[in-house]
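The structure follows.
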């Protein structure tokens, strides 16, 4: 999975019928210092994530193994909201609660 | 999914029989500022998209989960036309209507 | 799919039995100006393409959805020969006929 | 597979139900000199690997072919702990035992 | 497929049970001039390839379509040993026999 921050939304009226009602979010990918890497992906939300939250994105066929995405033409899904994340003993992110 | 702009077409007479009648479009990939990234992909159109439109492209096995692409040797599909798209509070694209 | 030009061949005697008799071609990937990008892929030919031809290559599991590649350990297939290809109103390639 | 070093953990309360109880580890990818490449991936642990260990990560649909990941929305799995690793006659890594 | 040269081995005692007895080889990826590109992949050997040999590597789900890899968590397989390889009329590699 990749770690990203939810940065925006995509609105689409004309889309595959099976994607009706799915929330399409723009996720900016974070590097191992929790900085934006410059890349992004549009993913279907499967966990009720909101703008600004740090999340995990699964890609490829694995992106279809949630209730929100099963058998749908989506190649990326948000399948976890990150509470905290550490690398080499340093906390890179902690969700405000 | 990636966001792209439909920039051209590919014409092919000699192709896998199962792709007969499918529209093959050249989609230039857009970065998170809605500028061309330099990359492109050739995708089958599943939603009746036209030249210049901004669209979502799904890749890999998920590209086969539309009526237009099921069980066909296509690794990319246009599965949504983008009406609008925003990142970090700024509108990156809005379709003229 | 990616657009490429068939630039060479790979000869292999010792290979998975299911690939016996399959033609393995070296395809140089073209960028959106129809110039070589520096990348290449080795793909199984499913459409009788020849050296110098411009073709479409499908990758991943979709590369197995042709008669030539079904259930075989191939991750790339040539599934269309390009007659012509245009981007932003300019013809990037036209096959001599 | 890619070779990486386990560098951290991701904690997530709100995640796909099928991932409940799975350990999510941050793996820094190593290059062919066993140095960090700058890339990382978050992977589910299938072999009881610990912080600092060098491991193999399988991606894509193959990441679901372990007991820990079957039918789950995970696109990366740690499926082996590396005891030793050599390239061109030089030992790049040997686990302390 | 990618073309690579077998450069080393990975030894792993603690691994997914289904990979028991599989040979894990480090393959350095070659560019279109048959020079090392800097990249590598760890692949399961399905054809009895040896150190120094030039081989084809298939990735993704296609990497599971050999006897050695079926239903196993491997995302890369060596499925052919290259006898010779030419690009643009020049022989890039020929196996000593």
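Note that the chains are named A, B, C, D and E in the order they appear, and that numbering of residues resets to 1 at the start of each chain.
Note that a residue touches a chain if its C-beta (ideal position, glycine included) is under 8 Å from a C-beta of that chain, and two chains touch if they have at least 3 such contacts.
Owing to the predicted nature of the structure, the values given are computational and were not obtained by experimental measurement.
Student: Setting chain B aside with everything else in place, what contact-connected groups do the chains form?
Tutor: Leaving out chain B in thought, the network of contacts stays intact as one piece.
Student: Looking at chain B with chain C, do both copies bring the same residues to the contact (over half shared) or different ones?
Tutor: Answer different: the two copies use largely distinct residue numbers here.
Student: Measure off the straight-line distance from the CA centroid of chain C to the CA centroid of chain E, and report it in whole Å.
Tutor: 20
Student: As a quick test, compute the distance in whole Å between the mean CA positions of chain A and chain C.
Tutor: Computed value for the inter-centroid distance: 33 Å.
Student: Residues of chain E that touch two or more other chains: which are they?
Tutor: 59-61, 63-64
Student: Starting from chain C and heading to chain E first, what is the chain order around the ring?
Tutor: Here the ring, read from chain C toward chain E, comes out as C, E, D, A, B.
Student: Per the contact definition, I'd like the list of chain A residues that touch chain D in the complex.
Tutor: It comes out as residues 1-3, 31-32, 46-49, 56, 58-66, 69, 77, 79-88, 92.
Student: Okay, in this complex, where on chain A does chain B touch?
Tutor: For chain A paired with chain B, touching residues are 7-16, 18-19, 24, 26, 28, 38-43, 59-61, 63-64, 71-76.
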